[in-house]
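One structure, pasted below without further comment.
Chain nomenclature is as follows: A, B, C and D, assigned in order of appearance, with residue numbering initiated at 1 for each chain independently.
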Amino acid sequence: MAQKTNRRQFLKMAGAAGLGAGAVSVMGTKALAAKKSIPKTPIKVAAISFLSGPAAGPFGIPGDNAYKMMADVYNKQGGILGRKIDLISLDEAGGAKTQVELARKLILEDKVDVILGYISSGDCKAVLPLSDELGGLMLAYDCGTHVLMEGKKSPYKTPKFQLGFRTSAHLGQDNIALALAIKKYMPDVKKIAGINQDYAWGRDSWHIFELAIKKLLPQVEIVKTLWPKIFTTDYTAHISALQGSGAQIIHSSLWGGDAVTFIKQAKAAGLFKQAKMAMSRGEPYPQELGAEFPEGQFLCCAGAHYFLYPAWDKWPLNKWFVSEFKKRYGKYPTYPSYHAYQAITAYKTAVEKASSLVGGWPTMEQTAKAMGNLSFETPSGYCVINKDHNAREDCLVGISKMTKDYPFPILDPQRLEVFPSFQVNAPAGLTTEEWIAGWKS
Amino acid sequence: MGLIYALNGLYFAAFLFLTSLGLSIILGVMGILNLAHGSLYAIGGFVAAYFIGMMTGSPAVLMLVTAAAAAMVLAGAVGLVMETTLLKPMYKRPLEYQLLITFGILMLIEDLIKLVFGGESRYASAPFDAMGSIEITGHTYPVYFLFVMGITALAGLFIWWLMAKTKLGIMLRAIEMDRDMAQAMGIPMRRLTVVAFVLGAALAGLGGALVVPTTPAVLGMGMDVLIMAFIVVVIGGLGSLKGTLVGSLLVGLTRSFTVAFYAELEMPLLFMIAVLILVVKPEGLFGQK
Amino acid sequence: MTNYLFSSRALGYLLALIVLLLLPQVLSPYHLTLVETGLSLAIMALGLNLLLRYAGVLSFGHGAYFAAGAYAVGLLNMYFPDNFSFELAMLASLGVSALVSALFGFVCVRHTRIFFSILTLALAMLMFAILEKAYHFTGGSDGIRIPLPTFFGIELTGMRRFQFLVGPYYYIVVGIFAAATLVMLAVVNSPFGKALQATRDNEVRAEMVGIRVKRFRWYAFVISGTFCGLSGGVWSFVNGHITPEISGWVFSGEIVYMVLLGGFMIFEGPIVGAMLFTYLRLYAVAWTEYWMLIVGGTLVLLVLLLPGGVTGGIAGLAARLRPGRGGGRG
Amino acid sequence: MLEVKDVVKAFDKSLVINGVSFSIAENEVVALLGPNGAGKTTMVNLISGHLQPTSGKILLNGEDITNASPYQRIKKGIARNFQITHLFEDLSVLDNVRTCVLSNRNQLGRFFKPASGYKEATEEARAILGIFNLEQFSDQPGSELSEGDKKVLDTAMTFALKPDFLLLDEPTSGVATADKFKVMDTIIDAIGKRGTATLIIEHDMDIVSDYCQRVLVLAEGTILARGTPQEVMDDPRAQETLFGVSE
């Protein structure tokens, strides 16, 4: 029996893939829609983040906490179209092979309505294609690789996956924004070095940053590129090598314990007397390190995800989100928490939008249609999901500064650089590399 | 700069020495490659971070001593339980069971740590910050690193004294050289094995305790250390104190200087050295077959 | 061959094959992919067991050869996308894994006991380091996507990947698995297999009856590694994506886990183990964030209480229920 | 058949074998006697190739094999057993012998056909089991045999290699006294059917005098006495070495 339903699902899927214009006309028939009823059963939402291993502390748990909080909040408001959210938190453990099997189980056996997940780029690359293969809606919420939704050569066909989305911007914008900020505040910089983890995330981050900075500031010389192993506990050798190189700016995509360890040891070794950090996802670490975090460093927020931006008086949603999160978990939310908010909210918004067009509970394909070209409010401003199924956000780069109000440095309110999304994200259909190559310098 | 590179290498070596010594002792005396060794180190790290967190405001040395003692006691206790309940039945069993049970224990401890301490990273840098930095030939250098080197030297001397000068050490070495002969000589194998295991576990705990002031305690922190300790033991020789020392120094200094001059080579070079030694002299530089 | 084609084992095999071929009629597509995963991993478990059970050495680094097979497929697709056919991919994974295991094995077979295990472990880690470090060549930690291949000249582009997996590919996997099992069964019963067991039982004596111990162990290593490579190649299509983790020591440890879970003293044990492990691990991860307690705890209990694995336990139980001699052999 | 010429073997500085020469002809069963530590096992190891002599030569059928590896010597026709039984304990008794037969036929490197499919080898193995009275145990693993039968199987395996020259290191040690003659009868009977030259290390004079044509007495690395069992028994020096006292 089970098999039959599944076959039918495939046929539906196959139809949906070629639906295109058809979907629009379905959505247009509002009158018919109003009569459809909405089931009372809860919506099954699988949220997958690292709950074990070294990425659990810095990303997985803050992300998962935000999922739990938002599911709770939305359920108190009546859920999505009256249906409660049944959140299933799962561990992103065991590598890409386990995640592929798990995603299959969630879609085919557990028949979840949507999967919100994945911090690791490797997992995203392995799992997202399953969305179309199996006919399951998937929102990648935090992974950073720029090639997830891009083709090999521009222009490429968009979207790459009919049912796969990413509800946050990719690492391209972090590194481009950093380069732009450096151009603004240190246009005469001569020597730049990089320290990035020796795996795809670190390599990709440096790759984009190097392309961008060389285009923006042609005089810059790359004096050192270091590739420490992920989860290194002793950076003294790297710090000395950086000191020996005479770099003025050090680009880094280090995250989690690695970022904390590096900064701590670098500070004790006096690295910041001669160089400034430019951290592509540095936003969480002042809070982690407290007053020990050095001032005057460039920190990118992986979007505009910062607990003090947009200012609370101008954007109450941020105030609400930060206060609620702090109340529940004792910490200010960091960018993974904001990313989780975006994922669950994107789903909710898309369902509601689709329902308003077709009535009743929308099918997965209708929800997906509604999600391509979706814009919604987030605590960080607006998030736009483009036709390439990749989100676009504004990107914030700040400079750390100690104030009286917090026990850790915050981003200097006088020097907040917010780059609009079109300035730091390649347009749909162009690869990030080719887009940068086409900049007029 | 050369001096600083050398100091960096020595610091890394010191740390490696502490964490691999236990692995080496257990491998030498019991012939078991303890895959859960890194987890004992992680226990040390989490316990120390917990205690340092509790003692905010106390003098740095007091914090460290308390944290290190607690870490050693707890890691040692877990080691004791593990040895007497799970490993004891394994000594007469084939290799595959010995390896797999430590693999299972590794998974158990990882999740137990998460159950007890929660999943969040634990920061405990107060002693590191409190000790500050000094100037060495015009370069700033953190005092804490010098402190770790000192503690390691003391621990190393203590272990050397234990192994070379005491009856306990002589008996342990006899077991290492020839198990059957030692048994025939009436050496209390059972008790000594327990002692060796607990000692190794406590050293791993100490290693974990000393590292948390410089880097947060995170879930899975033991996995990576296991690999590094494994390389040291492979290079230095199974069960050899001298070998562990030389292996740690070799790895520490090689790493420091390759990062400074040919950064790309860092990890591959270490693996290559390890594999080369395994191929040429599988018992390691100072080990016995 | 005729000798055991008509034995009770042959009958059992025929029955098992029929069941496997009928499974698509009763199982949901999802469980079919799990069975597919289990079957492809079973080929590897059989390979590992050739070394463990029949040559008496424990490899804790067989992930390296699995990865060699899988990456042969991945790299073939990356660099020769126009020639990406299934038959070529299989040949590539057989060839590359045979080459890698011949090279690594040549070094390893000089040693036995813990030294052998440590050396295999270190070599697997070297392989892992290379796969991850060679970012520009292998895609580093993000791995490589494995698309649908052409199949003896037939283009599958019109087909959805999942339809392929639960449709024709299932039968291909069953076919390859059945062939691999028969080949392994032949190998362990051949003069070579007996000689290999002789080296395990008594290395000194084996040498004195004219068995070239190291060379035979090396052959076994290469056969074992090639089975792993084949397994990796077959599996890469099931999973659709490969990452360097499959060469890490944790996965290598899981392979040993599978073999012991099924029971390594009985020829078919590893197959059962691979299947059970696939389910155990996945359901543990899907059920709780404390999945390591379940997987690790199961392992500890297994080692302590059921050293013969599941099949060993069943055989023991059967022997006890059926008094008198006979029937209890594997 | 086998010739040992002026063989000297020194470990570090101590001479264990000091200029030993002897030869053994086809069809001859020769016993090597001597007190513990006389160098008997060293002598066996020198002949089987597990040790290399410091000086001197070893010839088999006139061919110099002094520097040949154990494997090469096996292929040239030297086979040995061990003082302590070395069986393939988990293999069946049949497989223990069949593996040796297959080795002798250079068929061990075959991968695909099951061993039982090698008809001739199997029949030959069964025949050997028949000669040594082990047929009834064919399908049991080696580990399940009694100590005496294990010893016999050990010898049967050596025999299955069809050696021209056979080295037997204490073939009856560990066998119950009552069974010793039965075991030796079986062994000598089997050897006799093929005309193999044999060197036996043995302590038991009864066995030596019953089964061996010649005796070599080794003491402190040199050959002290040689001759028929009776001649040696009558030699006072040999008596003193072997039994501690002269009668």
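Basically, contacts are C-beta pairs under 8 Å (C-beta built on N, C-alpha and C of every residue); 3 or more make two chains touch, one makes a residue touch a chain.
This is a predicted model, so every value here is computed, not measured.
Undergrad: Which one of the chains is farthest from chain D, going by Cα centres?
TA: A
Undergrad: Taking the mean of each chain's Cα atoms, which chain ends up nearest the overall Cα mean?
TA: Per-chain C-alpha centroids compared to the overall one single out C.
Undergrad: Mind checking the centre-to-centre distance between chain A and chain C? Centres are C-alpha means, answer in whole Å.
TA: Their C-alpha centroids are separated by 37 Å.
Undergrad: Using the average of all C-alpha atoms in each chain as its centre, how far is it in Å between chain A and chain D?
TA: Taking the average C-alpha coordinate of chain A and of chain D, the gap between them is 77 Å.
Undergrad: Taking the mean of the C-alpha atoms as each chain's centre, how many Å separate chain B from chain C?
TA: From the centre of chain B to the centre of chain C is 34 Å.
Undergrad: How big is the gap, in whole Å, between where the Cα atoms of chain C centre and where those of chain D centre?
TA: 43
Undergrad: Find every residue in chain A that makes contact with two or more other chains and list them.
TA: Residue numbers touching two or more other chains: 51-52, 198.
Undergrad: Give me the residues of chain D that touch two or more other chains.
TA: none
Undergrad: Which residues of chain B are in contact with two or more other chains?
TA: Within chain B, residues 110-111, 114, 223, 267 contact more than one other chain.
Undergrad: If two chains touch, include that pair; go through all of them.
TA: Inter-chain contacts occur between A-B, A-C, B-C, C-D.
Undergrad: Quick one: which bits of chain C touch chain D in the complex? Just the residue numbers, please.
TA: Per the touch definition, chain C meets chain D at residues 1, 3-4, 183, 186-187, 189-195, 197-198, 200-202, 204-212, 216, 219, 223.
Undergrad: Show which residues of chain A lie in contact with chain C when the two form their complex.
TA: Spelled out, the residues of chain A in touch with chain C are 2-3, 6, 10, 13-14, 51-52, 89-91, 93-98, 100-102, 104-106, 108-110, 121-122, 125-127, 129-130, 132-134, 145, 198-201, 203.
Undergrad: Spell out the part of chain C that touches chain B in their complex, as residue ranges.
TA: My answer: residues 52, 58, 60, 107, 110-111, 113-115, 117-119, 121-123, 125-126, 129-130, 133, 249-250, 253, 256-257, 260, 264, 289-293, 295-300, 303-304, 307.
Undergrad: Which positions of chain B touch chain C when the two form their complex?
TA: 27, 31, 33, 35, 86, 89-90, 93-97, 99-101, 103-108, 110-112, 114-115, 223, 227, 230-231, 234, 238, 267-268, 271-272, 274-275, 278-279, 282-283, 289
Undergrad: Across the complex, what residues on chain C touch chain A?
TA: 27-31, 33-34, 37, 132-133, 135, 139-143, 145, 160-163, 239-243, 245-246, 251, 278, 281-282, 285-286, 289, 291-292
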